[in-house]
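Following this message is one structure expressed as structure tokens.
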Amino acid sequence: MSEVITFPVMSKDESAQGVLATWFVKTGEPVRAGQVIAEVMVDKVSLDVEAPTDGVVTLLVEEEAAVSQGADIARIDP
Amino acid sequence: MDDQMRIDFYKEMVRIRTYESALQANYHADKAPAWDIGAGLIPGEMHLAAGQEPVAVGLCANLVQGDAITGPHRPHHLALAKGVDMKAMTAEIYGRDTGLSHGKGGHMHLFDPSQHFSCSGIIAQGYPVAVGQAFAFARRGTDNVAVAVAGEGAANQGAFHEALNLASMWKLPVIFIIEDNDWAISVARELATPIKDGSLRAVAYGMPAQRVEGNDVETIYEACKVAVERARAGGGPTLLEIHTTRLFGHFEGDAQAYRGDELAEAQGNDPIPAYESRLVKQGVLDEAQVAAIKDEASAEVEAAIAYAKASPEPKPSDVYLHVFA
Amino acid sequence: MTATVESAAGIRRVTTAKAISEAIAQEMRSNPEVFVMGEDVGAYGGIFGSTGGLFEEFGSARIIDTPISETGFIGAGIGAAVEGMRPVVELMFVDFFGVCFDQIYNHMAKIHYESGGNVKVPMVLMMAVGGGYSDAAQHSQCLWASFAHMPGMKVVAPSNPYDAKGLMISAIRDDNPVIFMFHKGVMGLPWMAKNPRSIGAVPEEEYTVPIGKAAVAHEGSDVTVVSVSMSVQWCLDVAESLEGTTSVEVLDLRSIVPLDREAILASVAKTGRLVIVDEDYKSFGLSGEIVATIADKDPRLLKAPVQRVAYPDVPVPYARVLEYEALPTRDKIEAAIAAVMTA
């Protein structure tokens, strides 16, 4: 069952745009549950994003792209 | 305070004075040409602590081997009272391979890790280092204390203020001592420090403090005792400003013209003859014991100087050693 | 992510900042004498991320936020070190060394020598260096040459996450004072434009990278490009782009003290052409020392004059157009390689 990973909602102003600062993995790479796959930032506060399950990751946004909180950023396929 | 303790105080002060006087004599006697600071068996600068013996002796009577002292450029009284070996220290001052640092440090850079004793030629910089030693002691849960000693001039340097602030913030077992000998080289205290009582600065850093007048070894001992016991019990740092006197020049070669009549006055207030006469009057010591104490001190000092003079110099290629561990 | 950052099979990629904090964490777990002290190193995780996660794991007893008292807390680090602890002290920006340099060069660097080897100062003094983001004259310098010039302290400056972790572990274990300089541009921070080489594969277990040994980051035979820290990343970009045209050997010094003169000489002996890329000021510094290394040994190794792509002798300007005129950028590195190849 594929899982979609969304940009975390980090700020009180849910409409504030964030940035996908760094991808630590590439499309097609296997990832483990708990592995840090990205660093995101909203309003100077940054956060690590972890893979929720084992699987193969597909990136849905580019590095340094502006992303809305809650938007899809990656998918993990079994 | 029993009589034996008083006798020990007197003995140690005589020991230190004998040492400083002997160094003074030898420093000049062996310097040829006399005007050349770099010449002689003891080259370079020499800062002697004659007159300041009560501070070292009163302080160190409260300390144990595992306690630390960071001293200033005028360190001999502190080193000796702390228990640094006189022979190794003298050999270091003479720049010999048998010296504490194999001749690498000299008189202002005496290090004896077994006594946790160090000193530095940079004014006030020993205050932060003592804070760090106290930090290590507190972390390890021992009741050892660190003591930083510097002059009243040093108390105007940034490092002093930063160190007191940190020690108070972290409640560390450190005692900050200002040895106020009235002179920062040729600058009188009242021309450098706007307050008459430097212990007042402790209020700014939230720690207890005391100014100790009289240059009396017993009064100094009692004041240090309170501070050291407070630190050992986890009560944090204390600032002690101890008024003392500098009987020789700032450095050997300092004619002290700037002191005018005050110099004679200071020499008239020499703490050691005053203490000696008090002890003799009180029947704690008699003349024969005084003579024996002085002879013993002379013998020890002469032996240390002879040891130093007979010791080999380091090899020139040793200059490259000890840059890194 | 660019294809140039390959992950070794199965090894996770992290930022240089994470690699540094991981190194410190691993040493702290295995040695109770290690602790961290500095401004904003606690909950904030360090202004440039060098201590991220440490406060959460070790708490305020071992990750200590200090007042703004560099002389005070660097001196305290020295005191703790002479008593056998292993402090990792952070000076927020190398440019601040002016307020505390006495403790650094007259005390930390000299106590071992002055004591004839009897007192050790096993301390790491880490600091952020480098520019490229308009932080101007007092917050953008590199200054490794200034520290390297004074005897008694080792100086390291990693260019990538793998070396950063290994060098930090080596630095903590070293019984000598080590200046650990992390260029802000290699930290992989989310709030500063970065070269992809700031993210890299870093093994999860502890490992060391030796202090005093350079690494051949890109093998080549036509020209030797010697560099350190952030500039190595730009040198690698240029070397890769020139593959097929010019065979560029990039030597990443990794350490400035001790300087791996053997590695420099071996590479120049092979290529005969030398380009030095150094973000520290040009005159009286590292690039001149590298040239001296060749000149002292055998200037005939050189087939052409040396090209130095170094920061000019000017304070770092604020405006981006001015700053990038001064920085050792890719175009300048390429031009230097071309010049040395045709000389």
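In order of appearance the chains are A, B and C, and numbering begins at 1 in each one.
Here is the rule we use: contacts are C-beta pairs under 8 Å (C-beta built on N, C-alpha and C of every residue); 3 or more make two chains touch, one makes a residue touch a chain.
If you're wondering where the values come from, they're calculated on a predicted model, not measured in any experiment.
K.L.:
For this assembly, give the contact graph shape among line, ring, star, complete and other.
P.N.:
line
K.L.:
So, comparing each chain's Cα centre against the centre of all protein Cα atoms, which one is closest?
P.N.:
C
K.L.:
Return the distance between the CA-based centres of chain A and chain B, expressed in whole Å.
P.N.:
Their C-alpha centroids are separated by 63 Å.
K.L.:
Any idea how many Å lie between the Cα centroids of chain A and chain C?
P.N.:
The computed centroid separation for chain A versus chain C comes out at 31 Å.
K.L.:
Counting in whole Å, what is the centre-to-centre distance of chain B and chain C, each centre being its mean C-alpha position?
P.N.:
Centre separation, chain B to chain C: 41 Å.
K.L.:
Could you list the positions in chain B whose residues touch two or more of the other chains?
P.N.:
As it turns out, chain B has no residue touching two or more other chains.
K.L.:
Going by the contact rule at the top, pick out the chain C residues touching chain B in the complex.
P.N.:
Residues in contact with chain B: 35, 61, 66-67, 69-85, 87, 99, 102-103, 106-107, 111-120, 122, 151-152, 154, 175-176.
K.L.:
Quick one: which bits of chain A touch chain C in the complex? Just the residue numbers, please.
P.N.:
19, 21-26, 29, 35-36, 39-41, 44, 46, 63
K.L.:
Taking the touch rule as given, give the residues of chain B at its contact with chain C in the complex, in rising order.
P.N.:
The touching residues are 68, 70, 99-105, 109, 111-113, 116, 118, 120, 122, 125, 127-137, 139, 146, 158-159, 162-163, 165-166, 169, 321-325.
K.L.:
For chain C, which residues count as touching chain A in their complex?
P.N.:
Residues of chain C touching chain A: 1, 7, 12-15, 188-191, 194, 199.
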